[in-house]
Amino acid sequence: MNISLGITKTIHDWLFSVMPEGLASITEMVLIAAVYLGVFAVFGLYLVLLERKVAAWFQLRMGPNRVGFKGLLQTLADALKLVSKELTGTEKADKFLYNLAPYFVIISALMALAVFPFTQEFQAFDINIGIFFLIAISSIGVIGILLGGWSSNNKFALIGAMRSGVQTISYELSVGLSLLTMVLITGSLQLSEIVEVQKNGWLIVQGHIPAVIAFMIFMIAGTAETNRAPFDMVEAESELGAGFHTEYSGMKFAYFFLAEFINMFIISAIATTMFFGGWLSPFGITESLPWLGVFWFLGKTLVIVILMMWFRWTFPRLRIDQLLTLEWKYLLPINLVNIVVMAFIVWQNLIIQL
Amino acid sequence: MTNEALQNLIGPWFPNPDDDKVSDVVETIESEEDSDLSSNKSEDIAKPSEIVNPSLLEFSEEESQFLNILVQPEQLHALMTQLKSNQETNFDYLYCLSGVDWGAELGIVYHLESTTHRHRIVVKVKTADRENPTFDTVSNIWKTADFHEREVFDFFGVKFNNHPNLKYLFLTEDWEGYPLRKDYVDEINMVIK
Amino acid sequence: MSYFSNIYNGIKSLLTGMSVTGKVFLNARKGTITQQYPENRETLKMFDRFRGEVVMPHDEDNEHRCTGCQKCEIACPNGSIEIIWDRVVNPETGKKKKEIDQHIYHLGLCTMCSLCIEACPTDAIVWAQNYENSVYDRSFLTKVLNQPGSKLMDGVED
Amino acid sequence: MDTTRVNSNFKSEEYFINMGPQHPATHGVLRLLLTIDGEIIKKVEPDLGYIHRSIEKMCERDSYQQIVHLTDRMDYLSSHINNEAVCLTVENALELEVPERVKVIRTIIGELTRIASHCLWWGVMGMDVGALTTYFYGFRDREMVNDIFEETCGARLTMNYNIPGGLMYDIHPNFIQRTKDFVAHFKTKIPEYDKLLTGNVIFQKRMKGVGILSKEDAISFGASGPVGRGSGYSCDVRKHHPYSALDKVTFNESLKTAGDSLARYEVRIMEMWESLSIIEQLIDNIPEGDYKVATKAVIKLPKGEYYQKVEAARGELGVYVISTGTKNPYRLKFRSPGFSNISLLNHIAVGGKIGDLVASMATLDIVVPDIDR
């Protein structure tokens, strides 16, 4: 545990004083998990609101503005509605897998949040294989989608799920390789260390050209990973209706929905950490106020989130074979060349350091 | 091509066996290929016989802006094939296919246009058999006829021989009656003024 | 080489597309075309010719111009107009004259084709610019256009 | 698409999917029965009739004035042109010469309708290939046309403005200015459409070489409008059989020879330019005169058969009237462009992916009430 806030310290000491050590640490973990869950559930809802607002601004509309001040409570109301809705499903669905699928998706999304350093001192789980963990976790979600699509006993859902499988397996490579390119500079997989390295300049500056290429590839592949337009083959509204979650309703649908937005946040957060210096302020302008790191981190992440939304509301959707062409004929070869170039740059010490 | 020229060209394709000038129908259809001869020939045929129609086809221009050809159901397919394939007529565009309930008879009206010569013609076919009206399909000549004939089948109950997929297109499978026929009655859904 | 020019042209076209939506995004505040109904009810004005519903104008003496000629009823394609009429003896002249009892208009059947208004020889019925036609029960859509106790305006003949 | 390379140990099985009647891409209540092998379409069988109202039967009991308003409800996106078709049929049958003013106004309004219809199509087209924003941009411009219509005709969708013998009312005094404003506005917007969608690499890849329709097939299937012209088949009724004031204007027939989805798309974009040019030629030269000629209250067509075709937004709309001399038509048949166009869907979609089906169906620009008359 790496949170050294006054209040967490107090709780930590108190927990260890009233119960045995093992129980106390488990209780502490559960508490932290609960806090993360609560905070990010609400945060995810506001991401949905942000998406709807941003979409509206792209589309000459106003977006939700009736519930609460300027529509701020809109998605909370939606969530309330979804909770109260009846859970419907198909008769011949594989009940166990059908019910399991949404939890797979949402849990894998939330798990990934644990490793992000929001500031220097605010990180739930500083694992030394952070990047590896993120890549691993983010591909578990697709199992949930596959399960959900397959077990709903609906052909549209099945097509959606199969597309998702193909898509995630392919784009996983590019996500991994583009991050690997950056790891060549940092020399560490640990997220906190990666941010430390960037005190000499953000990695996108340090790695200059190959880093920019890696960032572009990461954004494309990351968008594909989260199944968002222009890579929303999985849902493909005009083709498959609702895709893999056709047969889900109420809260189970909400899990899928929320997971999509948390995944988007995760991809943006990885991009922020790997390319834009995480919680570091630009040129160190707020170095004396370490708590502003949260602000910088979220600010940078939201900018990238809005960039992803910009993609979504501008581009048409790819076809499934073009999706694979893009990955295997363009992104992957470029990525491999890019790694070699980056290795050369690191070897020759051509990194730009401020 | 003018209507008159069309009539002179098409008429001799199906000579009337009652008309003593030409006797064998099949032979003329086969020997039809060189149409330069036929146009000359048709003038000779058409003029003298006022009472007996020299052709199995009935031509008329009354009450219509196009040349109308009334054809017997037996000759329909042969005529249509000729109209499409003959280089001078070349009616390659079937722009309207309508079923009509003439009261005693059921019929189909084909509106044809040539995209090369830009002349238009109307072909009509009728049958008095209201119970089981059947015509040959033209869907193998013009692909658009596929759906149009299915529409006629839905609403007039006219069946088409050799149609590739003759089943209800608009109506449900268990629909009774043929809605666009004049004698169709539906007391619930039809508002009659 | 076409491989790289493909990539270049592709990215360029994507950026061009993003510039269009981006421009709209930056002008989102004033570019919005959404109408805030029902908040803008006061300012929302229909055009003069807007076909909202058929009404029969009455003057201050509660007089209308409908002679009961039924031309509108015949012109209507959907049977949305029914006229109940009677012959009434005019006490002054002693002549029998057609007079409407009820001019019934079924808004629920109306397709706003304007044929009745074109057919009316005395301009007794006109379009109202009322656009809020939804009601809680279908029966409210059947309206009697002439007000109770109303009379035919003097001098209106068809 | 090459199925021979599939390992013979695994058997692939075709399966059916019901696309519609409630489906986002079918633009209404159209049901497509798809036979699919994996993602590849093997067969498309449209099932129609979910909103069939039997307008042809209703016409047999209605007077000619009443028939006009029913045509609004066929292809509701080009209702003015549908109205015009019936009016022209009646006027030709009665040998009624309408004033020049009427002809010019009808042409202007017809072209405005075409632009409005193509605007909506463009928006929906974008949405079908996944670019949702286009929908709103298309509607923004269509609303301007609708405002013009509402001011003059009193309605935005089912206008019933043309009547046999002319127009229902004269144009509104603001009509000319508003139309000019719109033309100026829309000229800046079509390049924006091109930037946003036409040039987009993803869009190009999605459309190019997809849903190919050869010229011979286009004619054989009775394709008309932009679908036929995308295949290089010169089928513009406005050129070949000009009606109203269309013989007084110069315009190019938009033709593309590729026959794929992109060609059909480009033809529509070109048509918007051409329509703008037609409007510009006419808007300053609306002759003075009456806006209608008096017809009898009960129109009786002389005994006979009448056929009139016009170029609606989706293609060739034909009206075939058989009159027995009474006040109602004996038989009235609408040759709707959508019905012929949907019949070729199977032909162009087979062998493509599900995404291709949706994209090529969007370029056919299907309006279901037009198919289910």
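Some notes on this structure:
Chains: A, B, C and D, in written order; residue numbering restarts at 1 for each.
Simple rule for what comes next: a contact is a pair of C-beta atoms (placed from the backbone, for glycine too) under 8 Å apart; a residue touches a chain by one contact, two chains touch by 3 or more.
What you are looking at is a predicted structure, and each value in this text was computed from that prediction instead of being measured.
When the partners of chain B are compared with those of chain C, the chains appearing in both lists are D. Here the chain at the heart of the structure, going by C-alpha means, is D. Taking the mean Cα position of each chain as its centre, A sits at the greatest distance from chain C. The geometric centre of chain A is 67 Å away from that of chain B, both derived from CA atoms. Work out the mean CA point of chain A and of chain D, and you get 44 Å between them. Chain C and chain D have Cα centroids separated by 26 Å. Across the assembly, chain A contributes 58-61, 313-315 as residues in contact with two or more other chains.
Multi-chain contact residues of chain D (touching two or more other chains): 62, 133, 136-137, 140, 196-197, 200, 202. In chain B, the residues touching two or more other chains are 193. Shown are all chain pairs that touch, namely A-C, A-D, B-D, C-D. Against chain D, the residues of chain B that register as touching in their complex are 62-66, 68, 92-96, 98, 100-101, 109, 111, 115, 118, 122, 142-144, 146-148, 151, 154-155, 169-172, 179-180, 190, 192-193. By the touch criterion given at the top, residues 62, 65-66, 69-70, 72-73, 133, 136-137, 140, 143, 150-155, 158, 160, 163, 168-169, 172, 192, 195-197, 199-202, 204, 297 of chain D touch chain C in their complex. Listing the residues of chain A that touch chain D in their complex gives 55, 58-61, 155-156, 159, 229-230, 232, 236-241, 313-322. Contact residues of chain A toward chain C in the complex are 54, 56-62, 310-311, 313-315, 330. Every residue of chain D that touches chain B in the complex is listed here, in rising order: 47-49, 52, 54, 56-57, 61-62, 217, 219-222, 224, 233-235, 240, 302-307, 309, 316, 318, 320, 322, 331, 333, 335, 339-340, 342-344, 347, 372.
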